[in-house]
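The same chain A turns up in both complexes below, where it pairs with chain B and then with chain C.
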Partner chain A sequence: MADIIAIVLVALFGITGSLLMVLSAIAMFRSNDALSRINVFSPATGLGMPLILVAAYVYTLWQDGFGLMRLFMALVGFLSLIIVSSVASNVLSRSVFVAGAPVWRRTSPNRLAEARDDEDAGLTERETWGDFDITDLD
Partner chain B sequence: MINPLRLIGYCAWIGKEIVSGSLDVVSGIFKPGEYGNPMIVQLPLRCRTDVEITLMASSITITPGTLVVATAAGDDDTPPTLFVHALFGDSEDDVLEGLYDMESRLLTMTRGEAPAEIGWPAAPGSPAEGAAS
Partner chain C sequence: MARGTGFTGGRSCIVTIVLSICIGLLAVAILIGLLRVLTAKDMGSRAIVGDLVYFSAVGILTFIAMLVDLSIVLDVIFLASMLGVLATVALARIQTRGHR
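Entry: the complex of A and B
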């Protein structure tokens, strides 16, 4: 019985994590500029990798039994993955911004290019199309 | 000192946000047409200390669909400001509402009490305390 539970848990976490990796890669192909690509790989780094780590921990728990050191390593790894991937995404997006990479022209509103006015409240995104042509990627 | 129970509650809420944001990113793949609805919004913060601002920026970035692009330091007149790239919001107001909700939860965690409500929409450059009255 314990074997079945362990196998099911390892499969569930491992396959979900791997699928998130693949789907994030597809999302990176679908998106249009560097900022969006950094944005959509967050599921892979923030959820996919920790899930694969959980699968690996459940596997060692099943094979080798419970150990306090193993649990500690898994917890540190889990927290580090989330914190490091967050900081890394921040650094990447900051460097994209500083390097002046083009922003997709339909990124609207773009508050880095145009400050918010009081009358903008309640405007939907579609109504302001074409007002800001930062860089034409197409 | 941060209450450990509040810290655990906040981490659980961030975990929920990561899962729902991941679902947004994944479900966006299967929709035809252009991917997402990108916008860069300006977020004046009520956070004051470096720890609060860092935690806020990290929380925003770890949530799939939102990404901190640039930061602006605050002084006596202007609050510290983040510029957030959001991919799946319906409108600017919608995105800002979600970010202010996250900030309120974060400040409740770090300060032990709910922060003052921000008068919305806050004019750019106006101090958050003045807008709260």
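Entry: the complex of A and C
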């Protein structure tokens, strides 16, 4: 019975994680610029690789039994897959935009390129009023 | 359940089939990614597809370690997930020619 449960869990997590990698590879063709490609890559590292890690952990739990060191490695790997790959995607997308890569022209809320209102342009609320009064500032 | 000595020794056949399916899917992901690198025009797309190929290769290595019953199943994915950021950050620095 435990064998059947372990095989089903390994198959479920492993095939789902591998399918997420394939789907994000297909999505590389369907997206229009580099920022969108970095965006559609995040399910692969945020969900696909942790699912493969869970499959591997279930497999070692089934074959070798419970071990504190293996649990530690699985937990640290899980957290670092989620956190580190998110930071890496952020760094890469920022540097791609700074390097002047073309952005798809119908990217609708492009907060990086253009300021939507005065607050995004760096102006405070007081400066947009236009009339500074010395006695008002104290 | 006794640990196997070879490729399929001491284990039911369905585990081998499942792991082979996973390896095949990840290999398909790598092939699609390499086709995308071939048709890409800017460097950012190539960098992120390189990241996809890296993680798919780590997954393949994990499934091969499960298939031939090595004891490094978790070590592979542990080290690769912590050090995988270095390639991405290096490619990001190449994009901006060294500026942060």
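Keep in mind that, in the parts below, the second predicted complex is superposed on the first by the 116 of 138 C-alpha atoms of A that agree within 3 Å, B and C clash if a C-alpha of one lies under 4 Å from a C-alpha of the other, contacts with A are read in each partner's own complex, and residues count from 1 in each chain.
Quick note on the criterion: a residue touches a chain if its C-beta (ideal position, glycine included) is under 8 Å from a C-beta of that chain, and two chains touch if they have at least 3 such contacts.
All figures in this text were calculated on a predicted structure; none of them were measured in a lab.
Asker: Please determine, from the superposition on chain A, whether chain B and chain C clash or fit.
Answerer: fit
Asker: Would you sort A:N32 into first (chain B), second (chain C), both or neither based on which partner it touches?
Answerer: first
Asker: With both complexes overlaid on chain A, does A:W104 touch chain B (first), chain C (second), both or neither?
Answerer: Once the two structures are laid over each other on A, A:W104 reaches chain B alone.
Asker: Applying the touch criterion given at the start, work out whether A:S24 contacts chain B, chain C, both or neither, answering first, second, both or neither.
Answerer: After superposition on chain A, A:S24 lies in contact with both partners, chain B and chain C.
Asker: Give one of first, second, both or neither to describe whether A:R70 is in contact with chain B, with chain C, with both, or with none.
Answerer: second
Asker: One more residue to check, A:S95. First (chain B), second (chain C), both or neither?
Answerer: Touch partner of A:S95: chain C, not chain B.
Asker: For A:V84, using the defined touch cut-off, is the partner it touches chain B, chain C, both, or neither? Pick first, second, both or neither.
Answerer: It touches chain C, and chain B stays clear.
Asker: Quick one: is A:Y59 in contact with chain B, with chain C, with both, or with neither? Answer first, second, both or neither.
Answerer: In the superposition, A:Y59 touches chain C alone.
Asker: Per the contact definition in the header, classify A:G46: touching chain B only (first), chain C only (second), both, or neither.
Answerer: It touches chain B, and chain C stays clear.
Asker: Report, in whole Å, the shortest distance between any C-alpha atom of chain B and any C-alpha atom of chain C after the two complexes are superposed.
Answerer: Shortest inter-chain C-alpha distance (chain B to chain C): 12 Å.
Asker: Let me check the overlay on chain A: which residues of chain A are in contact with chain B and also with chain C?
Answerer: The overlap between the chain B and chain C interfaces on chain A comprises residues 24, 26, 33, 35, 38, 85, 87, 89, 93-94, 96.
Asker: Which of the residues in chain A come into contact with chain B in the complex?
Answerer: 20, 23-24, 26-27, 30-33, 35-36, 38-40, 42-43, 46-47, 82-83, 85-87, 89-90, 93-94, 96-97, 103-104, 106-112, 115-116, 118, 120-125
Asker: For a test of understanding, state which residues of chain A touch chain C in their complex under the given definition.
Answerer: Touching chain C: residues 3, 7, 10-11, 14-15, 17-19, 21-22, 24-26, 28-29, 33-35, 37-38, 41, 44-45, 48-49, 52-53, 55-57, 59-60, 63-64, 70, 73-74, 76-77, 80-81, 84-85, 87-89, 91-96, 98-99, 101-102 of chain A.
Asker: Give every residue of chain B touching chain A within the complex, in rising order.
Answerer: The contact residues of chain B facing chain A are 18-19, 21-22, 25-26, 28-29, 34-42, 57-59, 61-70, 83, 85, 87, 89-93, 121, 123-124.
Asker: Going by the contact rule at the top, pick out the chain C residues touching chain A in the complex.
Answerer: 1, 3, 12, 14-15, 18-19, 21-22, 25-26, 28-30, 32-33, 36, 42-45, 47-49, 51-52, 55-56, 58-59, 62-63, 66, 69, 71, 73-75, 77-78, 81-82, 84-85, 88-89, 91-93, 95-97, 99
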